[in-house]
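Shared between the two complexes below is subunit A, which pairs with subunit B and subunit C, respectively.
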Partner chain A sequence: MAIRSFFVPFLLFVLCFYSSLCPVLSLYEDQVGLMDWHQQYIGKVKQAVFSTQKTGRRRVIVSTEENVIASLDLRHGEIFWRHLLGSNDVIDGIDIGLGKYVITLSSGGSILRSWNLPDGQLVWESFLQGPKQSKSFLLVPTNLKTEKDNEIVVFSNGRLHAVSCIDGEVLWKKDFEAESFEVQQVIKPPGSDLIYVVGFAASSQFEMYQINARNGELLKHESATLSSGFLREVSLVSSETIVALDSTGSILLTISFQNGEISFQQTPISNLYEDSAGPAVIIPSSVPGIFAIKTNAITIFIRVIGEGKLEVVEKTNHETAVSDALPISEGEQAFALIQHAGGEMHLAVKLAHDWDSNLLKESIKMDQQRGLVHKVFINNYIRTDRSHGFRVLIVMEDHSLLLLQQGLIVWSREDGLASIIDVTTSELPLERDGVSVAKVEHNLFEWLEGHMLKLKGTLMLASPEDVAAIQSMRLKSSEKSKMTRDHNGFRKLLVVLTRAGKLFALHTGDGRIVWSHLLRSLHKSEACQSPIGLNLYQWQVPHHHAMDENPSVLVVSRCGPSSDAPGVLSFVDTYTGKELSSLSLAHAATQVIPLPYTDSTEQRLHLLIDSDKHAHLYPKTSEALNIFKREFSNIYWYSVEGHNGIIKGHALKCKCTGKVADEFCFDTRELWSVVFPSESEKIIATVTRKLNEVVHTQAKVIADQDVMYKYISKNVLFVATVAPKGSGEIGSVTPEESWLVAYLIDTVTGRILHRVTHHGAQGPVHAVFSENWVVYHYFNLRAHRYEMSVIEIYDQSRADNKDVWKLVLGKHNLTSPISLFSRPEVITKSQSYFFTHSVKAIAVTSTAKGITSKQLLIGTIGDQVLALDKRFLDPRRSVNPTQAEKEEGIIPLTDSLPIIPQSYVTHALRVEGLRGIVTVPAKLESTTLVFAHGVDLFFTQLAPSRTYDSLTEDFNYALLLITIVALVAAIFVTWRLSERKELQEKWR
Partner chain B sequence: MEKGKGVMGSGRRWAVDFSDNSTAPSSRDIPDPPGFTRASVDQDDSTVSRQKKDAESNWKAQKAWEVAQAPFKNLLMMGFMMWMAGNTVHLFSIGITFSALWQPISALQGVGKVFDPYKDSKVELLGPKLLFIALNLGGLALGVWKLNTLGLLPTHASDWVSSLPPAQEVEYSGGGIPL
Partner chain C sequence: MAPIGRLFLLVLLSTALTISSGSGDGFSINGRVKIPQGLGTKGFALPGKTSNVKVILNGGQIVTYLRPDGYFSFQNIPAGTHLIEVAAIGYFFSPVRVDVSARNPGKVQAALTENRRGLSELVLEPLRDEQYYEIREPFSIMNVVKSPMGLMMGFMLVVVFLMPKLVENMDPEEMRRAQEEMRSQGVPSLASLLPGGGGRN
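On to the complex of A and B.
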């Protein structure tokens, strides 16, 4: 900061004054929740187990695709407890043992854990190893009780384990080492001491092992061969019968292994259903006697009547979902079936052996934006009249979780928000006369009452009830959650795209969902089998002209996982959440480049690069084309090919030729390439500056009124490469064979501006690029510590602009446009520091004009966000700074970066599974909005140099008003008094 | 407050003004008594009054020189205060610097007023005035110099470039790792 410059001293003076008032950057306890909000999610539920004992609270234990196990309140859907396992510790199965332990199997069946049901504490953990990879199964049979213990049967990694439920000790184990044996089911028939392990070997052989559940002894091993082979999926129809499909998917195989005798029964699907064409798939379920197959979007339910005879019970072309069977009384099992028909959802609960009658039939009106039902879990309760009631937990296409009971949605959770792919922001509508978008304002009396309460609080006259009232008033301030734009720009919409293909708009004031929209273009369709949402871009941001237009966002998605699958664009209005239009592209979208040009309606021009390196311009209007043609020769693009270590730069050439040709399509030619030697370097991270970042000044004033000119370019790419050996986990290589090279590359000309090698360093590298500096985080193998480095780039060719008179008269060329093809003379300064934490994400604060000093926001391994002043990462720090440098604000050099506990932005909260941090400038220069997302969401406002340009939220206007009134009154009274006294003097 | 002043001047209840300098009888409401001539009032002791006047003008000249030299003391004191204030920008030094700037300026604005009491046809006021102005200009210069040492004058290149926006780039490049 330029202490000695002419224009800022007053500001600085105010700052100094302020900082002497409040020496700590952090929040006070009663400020928590005023400007921040935190939401907890769990992700898409994979499996749910109900725990509805008579005593204790009713709860459901769920495991999710975000690797969360959680205990939810069945009444309200709140989280009792929750654990997030690591991303490489995928949950394979959960169950409840002995009524008080939650058993989880994770990491491909190699870790078995037991958690205490009421409070979620870890009871024990066992590591299960085995000879080879395999499917894993977790069974907690209720009848395998020995005294007070219960046995858990786990099949994982080609080995069958029996584990004690009390302490996790392995009681016995049995290996299945046969080379090609692939386990398909592990069955424990109720009421016997046998375990069946069934599976396929060599694709055409069916194997069955019968094992004694008490000691793991192999009782019987049978196998049978079927020439037509099997498809992998099987459905269990009874404890001794399974159904599979042959390799063509057209013949149903009923395999029964009663008493250890294997018998096949083949039934072609065409016998059951004449119109069948194309291969069928089995829908996995475990309803006794019934299974379902799906062929050509038609779901067929088939009953098994003794001896492998099959009978079709229902055909439907509606989307359906079936739950697992639930034993409700002796010998009776119920299951839930959900079918979609139009806008309604039909729920039926049936008994397993009696398809035609329903225990329960309900129709529920379902929000279209939730899509189809993906999973159903059923649970029962006994009503007061001793009949059975059912509650159903459903998982929808948008990953939300709902509980249905008595035809109503009891509660719902928007768990799609646990898997956010991309975030962008949008302004709210302007406040206009006659447009009632907000709640009724406070009336004057309420306003006064509130301020009187605050005054009481300030004067320490408030009773505890008053204090509580003040706090709740502050938290529920309607001001922050209004649906209109505010003067300070604190109120915005966060538009997020989730993995389920749903767009949500969250209000920054309180985090509520303003609208949500399940994108039609991300729906499965004939043309697009597995659409994937990729990214969000701001398509139209009206501000100067075109104020009447609503802002909109562009969602780029792709039909399928491969990069050459055709792309899909959708445009969504951010005020209403309506999909304005969607385009199915004929070409792929491997890269989307937002250009710095907008047309007359403020639509931003975007360039889409397809897999053949053609560039396509959007929007496809002649106006856009004209703007684009004007800048044609100045537009370049580059691609980073991580797999072969090449960075290529391209320029646009001419109109394309070929099948996709139209006037908005352009050929490109390769300009330059940077090839990293594959034997010594591998690209692991690239980062550029944010497109919308604003930089206030190009000069940096240093001690003694000297000036350094920053090298500010939007076209600089930071690339980090490591030795191929060192790209594994930390500690897998010795320091001698591992290095990290950091490059700064000009993406227009391909010039390498700077290159630095860190010997003995290893990834993962997290980096952030802003203004003229880049900060990156890596591991130092020699010091066994994490390190952070900073590189600052300065433009040496401007350094001799030091004549004051020239500058006063404006006779300099410092602000004239520059071309990157003129050779820049840059110098870099860099420094490295130790840093305690490993890092999940790094971001930097951004403000409206770029004047406010910057803070780095570091997502730590503990899922918190730490704010670190950029001043700590200043390459000009030295051990003994001179007086002038100290005045400038340079901190004496230390070997490690300090972690000040008060500077955790997330204060006491954790953003579980933190994946990204997004910063958005507010209109108020001092303030930046921070949104951190992972499984949880967290939002807050930050003022890196404190709010020097506004009064604080708790400023007491009433006190100010009263003081002014009192002063005016005092002036008036004393004037009258003095006048009277003078008159008396005169008469004396 | 202003209202009472004319009457209450020095705490008297009433007063009659005997001194009358007007020479034209027509300007008065009451005509002069017969035999009274206004012109001959001070002709009798003209030598005494001349001496008196000389003494007075001497005294005035002396006083004027004294007044003209007064800012010098001020200058010294300012210098001392500035030295005390140090070279960092904070409340004290800013206050002193601004007062050091303000005092000479206000003094220069009121040069005429300061020397008004010593105005006399015989007293040469140009010398004292020039000295007064010179000393105050010296004080102003001291203030400006202090302002400069505080770094508050735009005399360095850094003061003129610190808010220069970055230069625009002609070329634009985008891209990255394929989606």
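On to the complex of A and C.
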């Protein structure tokens, strides 16, 4: 607990002593978890394989859309081990081989890896190449055993491989080089030594290859032509029959290739189901004898009864998901079917050959905020009475993963949090008088006891049990996870938007989910086929007036991948997580500009720019319009067109002149444009200052009592361009043909304030802009190392004001109007340093008043976050700083930036798949809150200049109390002594 | 997968090993990460196992993991100068510059970028281990004495026990003069400052 002690001189005095005692910049190992929390996720599960080992812990192996392979505990859902593959190493398939290896196929079928099942150690890695691109398939048949080995069959890049399961050696390979052949299925019928490779050639030819699984010999090749053509999806209904749709999507084709003879059966869908109107699609599944098609939001299950005869077994308009078939006993296969009906979810496990009987039928009440079921995986176990029990793993629309067993949700994982798109924060409710929060501090004795324990801990006298007690006491000290606003501003809500279209509010104290909300506006609908969440903005932050209103956030999304798709706005209350309202816009939202104006209810004005360069004002109230009209001529913005290398500046012109009279719509005009020559420069990074950044002072006093004025403007944009050749990967370009140009551009006038070229440098560029400086990270090809540069801009127009006489005589220019249109007299200083690691993200700490010195937070390639003092990136560093400069705190120049392990804010943890770092100021000036997100989440508090305005968490009150008591006792003792002495004196 | 031990040691420069013009259009880089036993185990439990060590080419273009024996390989690498980084919790690895030459396949040059040391074979070892936590100083009486609290206590003891001694050793004449002076200036004694002590002189 930190106590504000600005005005308590005595405490301040003690504090001075204490701060010299305990370094706050880095952590002791027993302080882990005190201020920080770390959560591990995996992402949306693509495929799951159950480990059916009789002994050992039951696990499920999953691959996810975040490129994670993980082994999860089937009992609790915890992660045993997890590997994140490279971003372009997308996982195509996983399986378990020989019961002890996890086999993964990735990178479009060109990398096959085997991992040890218990601990996730890579066993072997095999690179498979082939003549052309194709779909890839991974089969691990159980019956292809030669001695102790097992064969893995992989079809990838137009080539069929058989790979040894033990060491990854390719046993044989067979090419399918026919130009237009597109493989659709690779089938290995159980109990035979044959592999079928089936697919389509041209648009109307069906091809079937029969291959000997032992040696790759081609046994038979048949083809047949069907004039009406095929749609690409097929469903496998038996090991020698597939079902496809013709090119119109209205006729079902049952293709059987028994014994190498191809035969077609055509069945119009209208014969099976009268009302079918639109074209149907096949839902890929592999349940023997049964397949499903979907037409007009109706799912139809169809059974194949010998000889290609089809029969409808069920029609349903509920949302449905089907699992793959699971062999449960000799000749019997079961599958799971989940249907949504209202708020309930019906799970049925059926035998493949017997639709009407259910092995299991359960209804589960499902949280509405999880949406629909996307995927189902089924696994069985033998109960004590020898009957079959089933457990079902389901993947929901919000990317969460749940295990169902016996009608209950055994565990659930919120894996949507692995793909965060945007983050914002919100304050918690104020502590009201009525709301009394349970007092955790019990009685004085316990309190003292706790502090005695802490004292023992600091003096290293504590036994292991004591240490454990201290740890648990600290974690329990539930001050930090209360649901009300605190004095220091440490407790906040982190509002995050995930790729699944779900909003989560996380408590900064312990990282728990306070509420979550699946946005209805991001739900797939007729009007909006593929909604994508884009950004979060703080819509309403009541603090001065309108205190009774709850704060709310604005979620901007759009209907489809192209930038001119219509936008959708939704407003969510951050206290309750309720969607207040949502708006489907008629126009796109290519750019959202939060304006620095709020209305009387503290709703922030936002300007949305559409694809036709019209500006739309929100909220649509007359009050907002009045405020906006007052500032009409002061609103400028810029747009970056990365593909053609143009940066443009815009301003408002007049009301929309279009056909519809809309007083909230405005025409815009282009003010300026900067065109980069496309043959020599390509924009790879742009960065500007954070809108809410606070700068304490413009003046910077330097060593010789001189003053420099920082050029502080919100309208400066940093742009980095590289030679088009150098925009690829490292190693693809030589130093001579690559360069990097950094610009500082004024976004109101379009004036280039500064331009610097780094020859022999290339991207990727990561940059951060704060106050009057920008720091950027790039690759230096000549030294073959990463470099970081800093540019600081100073305002020279005020430099003359230092002369006192001028001030006295009134010749200063302090009162002259400052306009961005006047030519700014600026000077820049810059310096470059080597930096060891690749960087994934850079951020800078931000504090409430901007007084505290800054630290850069660098997300390294090892998924750690390093805090680096801005003082290391000071362009005034020199090899031999003068005495005065040393006193000012200038560090002697070194060629590379230091990496101090203790300054990793993530200490011994990794934020796997790190994507972004967000810093939020706390109310306490010294402290900033840091949230790093990727596949994992990490949160901590940082005090870049130590906590000079508060006592640290482990401040020892007991020691203080003991000292005071001892002092008082000493005073009394000395008083007695002195009294006695005086008495003796008098007797003498 | 071809075994990795296929080395081509070039006598001249610091080069060698690790390349085979693989099938297809690229080369392959094979190497090994060696983490010495005993390093990094002091102080705190080693968080990173070898199964979590990542080897990263060109800042994330390709990511691979280590085999049990510490070997790794990258396939289909175009000729040029590449950068290999090793991410292992608890260790600091220097990035390695690797030149893959198209003109004479089979020749790879590798050098640590941190200290420009050439590598004769692509065996990557940590430059140092990383200690992420401050280590608590073990308890010692000197620390307590040196701490501000200790100093305060020490000063108090000095005042309580040594001051009277000093006063005793003073010349009685001088002492009296000093007391006189004090009285005349009205500087209160310690006793007179305290409640109840004032009125008695």
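In this text, the second predicted complex is superposed on the first by the 888 of 988 C-alpha atoms of A that agree within 3 Å, B and C clash if a C-alpha of one lies under 4 Å from a C-alpha of the other, contacts with A are read in each partner's own complex, and residues count from 1 in each chain.
Heads up, the rule we're going with is that a residue touches a chain if its C-beta (ideal position, glycine included) is under 8 Å from a C-beta of that chain, and two chains touch if they have at least 3 such contacts.
Quantities reported herein were computed from a predicted structural model and do not represent experimental measurements.
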First, second, both or neither for A:Ala589, with subunit B first and subunit C second: first
Touched partner set for A:Ala783, first subunit B, second subunit C, both or neither: second
Subunit B versus subunit C as contact partner of A:Asp385, first or second or both or neither: neither
Subunit B versus subunit C as contact partner of A:Tyr28, first or second or both or neither: second
Which of subunit B and subunit C A:Gln121 touches, first, second, both or neither: second
Contacts of A:Thr974 with subunit B and subunit C, given as first, second, both or neither: second
First (subunit B), second (subunit C), both or neither touched by A:Ser732: second
First (subunit B), second (subunit C), both or neither touched by A:Gly649: first
First (subunit B), second (subunit C), both or neither touched by A:Gln129: second
Residues of subunit A that lie at the interface with subunit B and also at the interface with subunit C: 978, 982
For the subunit B and subunit A complex, residues of the former touching the latter: 1, 4, 7-8, 88-91, 94, 151-179
Subunit B-facing residues of subunit A, complex: 2-9, 12-13, 16, 534-535, 556, 558, 563, 589-596, 607, 609, 631, 634-642, 649, 686, 688, 691, 695-699, 701, 705-707, 709-710, 712-715, 717, 747-748, 801-804, 807-808, 814-821, 887, 978, 982, 985-986
Subunit A residues within the subunit C interface of the complex: 17, 20-21, 23, 26-29, 32, 81, 83-89, 113, 116, 119-127, 129, 167-169, 458-461, 729-733, 764, 779, 781, 783-786, 836-838, 840, 860-864, 896, 899, 901-902, 904, 907-910, 959, 963, 966-967, 970, 973-975, 977-979, 981-982
Residues of subunit C touching subunit A in the complex: 1, 22-24, 28, 44, 47, 49-52, 54, 56, 58-68, 73, 75-78, 80-83, 85, 87-90, 92, 94-95, 97, 100, 113-114, 130-139, 144, 147-149, 152-153, 156, 159-160, 164, 189-191, 194, 197, 200-201
